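There are two complexes below, and they share subunit A, which is joined by subunit B in the first and by subunit C in the second.
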Partner chain A sequence: PNFSLRLSARWHTSFRPTGGREQGVAKVEEYTLPAYFDRRENPLPDVCYVQNLSPEQKSLKEKEIGSWAALSNEEKIALYRISFKQSFAEMNQGSSEWKSVVGGMMFLIGFTGLVVLWQRKYVYGPVPHTFDAEYKAKELQRTLDMRMNPVEGFASKWDYENKQWKK
Partner chain B sequence: MAHPLQLGFQDAASPVMEELLHFHDHALMVVFLISTLVLYIILAMISTKLTNKFILDSQEIEIIWTVLPAVILILIALPSLRILYLMDEINDPHLTIKAVGHQWYWSYEYTDYEDLGFDSYMIPTQDLAPGQFRLLEADHRMVVPVESPLRVLVTAEDVLHSWAVPALGVKMDAVPGRLNQTAFITSRPGIFYGQCSEICGANHSFMPIVVEAVPLEHFETWSSLMLEDA
Partner chain C sequence: MNPRLSPTHCGTMFRAVFRLSATGARSLARSRPCYSAPSATRCYSHGKVETDEEFDARWVTYFSKPDIDGWELRKGMNTLIGYDLVPEAKILDSALRACRRLNDLASAIRILEAVKDKAGPHKDIYPYLIQELKPTLSELGISTPEELGIDKL
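After this line comes the complex of A and B, so read on.
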């Protein structure tokens, strides 16, 4: 196994088909065709953005061979735009999409609430009589009388001397 | 029984349940610590602007996140096994009760001294006395003497059922043709509710278990009365 790994590593480092499109000094990955993409962690893509230069861009490229101090600001920006589609600032800016997402989510939740309310009114039958307030009061009294969960739970929160909930 | 909207366990009414409560606290704390750590790591990963495309391996962190979980698992396993063996202790029950599951009621047999047996049906909602708990009350409760070691032999007459009382930390499947043994001691007097815990048909939710722990004299009075009625 070691023998074959060493062979393939040598193939990859010595024979690198780039088609003369290397942009910078970064190592070119050989496993796909070179493509351009704007990503923060890949600052120097494999290829320039503009592949087919117009005549002005070609003459600008000729001028780039000379001293860079002779280039005006617009020319430098034009050269940048030949190599890159978006600047870092443009690429990293956020969008307002999250507002639509949150708004849509809240709308759907609200709609679900309406459906639930409709169901309760028109679909479900009445609740058992044990939910009446008077019955619930008797249940509560019985729960306390039976000392339900007296250690840390329900009855432990009731003050039996003063007949009220503990503060 | 549980009060409305209760999230945690009921207070323990037997020593084993107390142990289970403490173990649950311990295990849940471990779970919360791990979850908080993972949540923090997720948030940190999402919100960072740093990138590194060339990480291949790292021996140090691999060792840490292999050894540390192993240690945590041991810390959980030791109390867990301790309770497991505690539940299996040889004990000397004062009383043996048979709980037999039927569709859809329980029957209890106290056959140590006399032949006492009775059925325990759920009280239907329309027949409840004011203050009784819906779907939990039964017409005859399983009365037991408080603070006495008890043995319950659980079986079923027809299909699978399960005899469970959460406050006592007891759950034992009722299998037809098989006797399953469980034991408990009630630490305090009271009424403890449970429900059938194995799907058994249409009224599976409507066959509750009610255990009433009373002082021994009251238990003797009760069993004499039940024998007369039978």
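After this line comes the complex of A and C, so read on.
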């Protein structure tokens, strides 16, 4: 058989349950038929890429029955393109999409930074008074007075005799 | 299954075992001292381990079926490509002859492309296979993807 690949596509339409009535044959939905796809792991898809052949393509298919050595390179490529959409080289090629993705990411992160800055200025109120320098100094004095972590921690770094930090 | 591509004619230097497993540890675990005994010295399960020759022979027989149809060819090829190995030249020879019986040159070229892609980073496998398949390719008149220029963009 010539078009053995296409026969298998028609196989699906012959088992349509019509309940014995031949007038009402349900329309074959395209999504129910085997689909063509280019994948490395599935080199020979269920259907040919080109389903409806032009007359030249049909005559080329006839020629394919004979000796393949008689086919020119262009004819061989034409036969390949009838059955397949992309060659392995074409399907495996990368794209530069990642540059757009990374650029977009950086732009949006930067924009988010601007939003945050604006928020700090116009949305948030003042910080509590406990952040004032004077208050902080009193806090530090209190910490030292209560000898916090005197063995190895904070107060151990303060020289109580000379009232300065230990060198 | 990792078939050992033993030299089929004298003069070739290829004794390399083409393992596609990335880690050395894994290939070490899979190495067999000899592959003549079906009852393997290292059993991964209680079942019999198929040897490389049995695997090859099974696939050659599959593609050698005289009245093979398009579906069987595609199913066989897609399954074979799914395995973690590059098929031996004799399996590919059988598959290409099946393409000839089905008058399907496009699939024959596609098979060569798929095999080259399957070899991945091991760049010396594909030229070796083409060298082994040269008689078949010229006999059937199959051009390689390189000759047709479709291996480039």
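Simple rule for what comes next: the second predicted complex is superposed on the first by the 96 of 167 C-alpha atoms of A that agree within 3 Å, B and C clash if a C-alpha of one lies under 4 Å from a C-alpha of the other, contacts with A are read in each partner's own complex, and residues count from 1 in each chain.
Throughout what follows, contacts are C-beta pairs under 8 Å (C-beta built on N, C-alpha and C of every residue); 3 or more make two chains touch, one makes a residue touch a chain.
Model, not experiment: these values are computed from the prediction.
A count of residues in subunit A touched by subunit B and by subunit C gives the higher number to C.
Using the contact criterion defined above for the overlaid structures, shared-chain residue A:A89 touches subunit C, although it does not reach subunit B. After overlaying the two complexes on the shared chain, residue contacts for A:K138 are found with subunit B alone; subunit C is out of touch. In the superposition on chain A, contact is made by A:M148 with subunit B only, not with subunit C. Once chain A of one complex is fitted onto chain A of the other, the partner contacts of A:S59 are absent, as it touches neither subunit B nor subunit C. In the superposed model, A:E41 makes contact with both subunit B and subunit C.
Of the two partner chains, neither subunit B nor subunit C is touched by A:T112. Looking at the shared chain after the overlay, A:T130 reaches subunit B, while subunit C stays out of its contact range. When the two structures are aligned on the shared chain, A:S100 is found in touch with neither subunit B nor subunit C.
Taken together, the two structures place residues 40-42 of subunit A in contact with subunit B in one case and with subunit C in the other.
The touching residues of subunit A, counted against subunit C in their complex, run 2, 4-5, 7-8, 40-46, 64-65, 67-71, 73, 76-77, 79-80, 82-84, 87-90, 92-93.
Listed in rising order, the residues of subunit A touching subunit B in the complex are 40-42, 128-130, 134-135, 138-139, 141-143, 146-154, 156. Subunit C makes touch with subunit A in their complex at residues 69-71, 73-74, 77-78, 81-82, 100, 102-107, 109-111, 113-114, 116-117, 140-143, 145, 147-153.
Listing the residues of subunit B that touch subunit A in their complex gives 1, 3, 6, 8, 10-12, 49, 51, 53, 125-126, 128, 130-134, 188, 190-191.
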